[in-house]
Amino acid sequence: MDNIVIRYTEKPKLKDPIFIEGLPGIGNVGKLAAEHLIDELGAKKFAEIVSKYFPPQVMVLDGGLVKLVNNELYYVRNVGKGTDMIFLVGDYQGMNPEGQYELTDFILGVLKDFDVKRIFTLGGYGVGRIVEKPKVYGAATDEEMVKEMEKFGVVFSRGEPGTGIVGASGLLLGLGALYDMHSVCFMGETSGYFVDPKSARAVLEVLTRALGIEVDFSELEAKAKQIDAITARLRESEVKPEEPRKDLGYIG
Amino acid sequence: MDNIVIRYTEKPKLKDPIFIEGLPGIGNVGKLAAEHLIDELGAKKFAEIVSKYFPPQVMVLDGGLVKLVNNELYYVRNVGKGTDMIFLVGDYQGMNPEGQYELTDFILGVLKDFDVKRIFTLGGYGVGRIVEKPKVYGAATDEEMVKEMEKFGVVFSRGEPGTGIVGASGLLLGLGALYDMHSVCFMGETSGYFVDPKSARAVLEVLTRALGIEVDFSELEAKAKQIDAITARLRESEVKPEEPRKDLGYIG
Amino acid sequence: MDNIVIRYTEKPKLKDPIFIEGLPGIGNVGKLAAEHLIDELGAKKFAEIVSKYFPPQVMVLDGGLVKLVNNELYYVRNVGKGTDMIFLVGDYQGMNPEGQYELTDFILGVLKDFDVKRIFTLGGYGVGRIVEKPKVYGAATDEEMVKEMEKFGVVFSRGEPGTGIVGASGLLLGLGALYDMHSVCFMGETSGYFVDPKSARAVLEVLTRALGIEVDFSELEAKAKQIDAITARLRESEVKPEEPRKDLGYIG
Amino acid sequence: MDNIVIRYTEKPKLKDPIFIEGLPGIGNVGKLAAEHLIDELGAKKFAEIVSKYFPPQVMVLDGGLVKLVNNELYYVRNVGKGTDMIFLVGDYQGMNPEGQYELTDFILGVLKDFDVKRIFTLGGYGVGRIVEKPKVYGAATDEEMVKEMEKFGVVFSRGEPGTGIVGASGLLLGLGALYDMHSVCFMGETSGYFVDPKSARAVLEVLTRALGIEVDFSELEAKAKQIDAITARLRESEVKPEEPRKDLGYIG
């Protein structure tokens, strides 16, 4: 089989779409944020990507049906001031460096076909402590993007994250430059101990400002309250939360 | 050499054969079940598969002869109400994700040539405790399959197994859907501490009902008694059995 | 670069040569035995094999010169009753399963060109305790080979080694069968704690009987005495030797 | 995408250039030395190499801009007695053996095009203790090189390093021999605990003598004083520095 297989259920015509990536990573910040946006904007799935760079695994869904682990592309038209959008979400990122490079390059090829020129990648930045008001750090491919995004409250700082950005959120910027894409990565501060809807909301607040759109956050707020309840209970019982895996701490 | 090499000792003509997979996995439930069925039905080996995705290893057989580790295909004709069957058993599953995908895709290509439309994969579901009466959980590619198999006592439940199904038993369903195969995976509850003939029997009881055939279980019962004797001794001496490897706990 | 590169310094004409493999492995038994035979018979190097399946490493030789890690082929003509021989020795075996399969298949292709029909692979069998009189276990591709080799004192036994034979010594037999080669593997009992010249001698005693030749063992005896001195000192100081690496214990 | 991608910003015409490699490794000795030389000689970047053998990672630079991790080639003309030079520096070496072989072979192909005949690779030799006056050990492809370099104070000794040279500094010599390149590796003694500008200076003192050039070392001295201050503080507080990673101890 091919290393990467894409199956289109639809080939939508889109006008200068922007691209938003939210794959699993630290605190699942990017995944939560992108999936929330897909739900709120009513974006529609149009393609599935399976690959031998993902684990050899099926998920078991409601009703006992299986789904091969995959990545999925969604689109929505005419949002806010008339923007078309493509989203990438999924169960996994590529499991090894080769897979990361191949999958990212594959996605960029797909985006080129849709004439994408602007990329937003969403992720978390693990800081190893509970964060009350998560900041959103940024990194970009060019200075105009930096200047533009600073206006929306994104923090650009050489030392953050010190280890660079590992995984799809970083690679889409790095390889995207070879495709002449203007890209920015938003990283919400997060402890790294838990799935973090609060950080996802912080990222979305910046992103929606940048896109000139408004979305409802009640769904994310409900999830955040659940997590807060769990962390409060953990603190009371003085059970120290598990150490975050170090090798995940810097995955965007 | 090719990544995967198949050698046919025979190319049997089969009429709409169903396919049954039982490779090694948690508790070796699938392997025990499929091998028992091969023995009881007198199925005949017709092909061997060797691959660089298997370990670089030979087994030493009776009389000092070696056998390169492999997977093997068996067939039997006209069982029960006239069903032809193909079986897959073997020493190992693919050793890495790429190998899992490539081997599964290769097998599906072979099955397509034999016009297989219906797949049963057999495995174990590790629950971390001794199970007196193992249930058989299921997962399937389509709702008709779910409904049909529920009648034979298979339990379909979103949360089980929570981590999905890893390995050939899951991938044959996930990739099989791309080949338009209707598939179901049977997973017998098992501790994960031991090879588990009792769980294999539970799986076979469901499978034989689904296939409308009857087989003798005395061979599996004898093996189960041996294991029971060992676990009883362990409990008496209060030696705690070794922890099951976590990364194997969810391999089907 | 190609995955495997062979460079011939000579292409000797050989008459029905037999092939003897002695790559590094448990106790370095096979390597010691094959290198001793090369020295004693005055065999001549005729080819070097480098590969990306070996570590990215150079050895530093006398005088500060480097040597890229490799495998080497030697030949000798007209030994004993007129036998031509090819030897394979080297710094490493392939570092992963794919490398093991590819390298072994590559070697078998070379041997086919030289019209080799008979293979002897030499290795150690780690038993986890000091062995005073090492037995030599065998495994073979066919029954005639088993019968013939039993006459020279080789022990053929289903249970030994229980885990099969991992690495080149096993794979040359397993894949060699696809090339119609008649092969036998000799495994000298060894503790697994030390490089073991005594076990290498045991293997060579059997091999030389099988080949109908005689060689001097004083070189190996000297090495064995050095090791004996070290182990004696270790026993006196009650320092327990390090555990052998389990994953090496069954490499032939 | 290709496994390795090179992008030239310029294709300089060079006359019999020598090549100097300084990729990351033990104590970052080679990297520090080569980067210092690039700065002092005003060498100019002319090509970037990205590869799926590097980590899937971007670095975050000043001003929030990203840079995909890469290797870079620099050149300088007419140094000392009129020598042209090419330098290789970068963020990472290849992450696995295949990557090491492929990247080194790729670089050698590029060098062949520039008609390079002489290679200097720079690295560290980890000895596990603080070294006051680091010696510079050498290894070379031919005896003339050994003799020539001994005159400049390089120590050639079979036993050093005992494990050989792992990584690009060794492989450029080993594979370079297949390209008829005359090469030498300089390894500065270093503890392995810290980035070591003092060892980098020792390497450069030998290299500049060999090249017949002079460079200012004040930049490296300043860095060395910073490290000395840190190690002094560590010794006072009796905090034992972390063990060097064993698998890095012998990377050149």
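Going by the order they are written in, the chains are A, B, C and D; count residues from 1 in each one.
Rule of thumb we're sticking to: contacts are C-beta pairs under 8 Å (C-beta built on N, C-alpha and C of every residue); 3 or more make two chains touch, one makes a residue touch a chain.
Given the structure is predicted, the values throughout are model-derived calculations rather than measurements.
When chain B touches chain C, do the two copies use mostly the same residue numbers, with over half shared, or different ones?
different
Once you find the CA centre of chain A and the CA centre of chain C, what distance in Å lies between them?
One centre to the other, that is 53 Å.
With centres defined as the mean C-alpha position, give me the chain A-chain B separation in Å.
37
Hey, what residues on chain D touch two or more of the other chains?
There are none in chain D.
When you check every pair of chains, which ones turn out to touch?
Here the touching chain pairs work out to A-B, A-D, B-C, C-D.
Taking the touch rule as given, give the residues of chain C at its contact with chain D in the complex, in rising order.
Of all residues in chain C, those touching chain D are 1, 5, 50, 52-69, 95.
Per the contact definition, I'd like the list of chain A residues that touch chain D in the complex.
Within the complex, chain A contacts chain D at residues 94, 97-98, 100-102, 104-105, 138-143, 146, 156-158, 160-161, 164-168, 170-171, 173-175, 177-178, 185.
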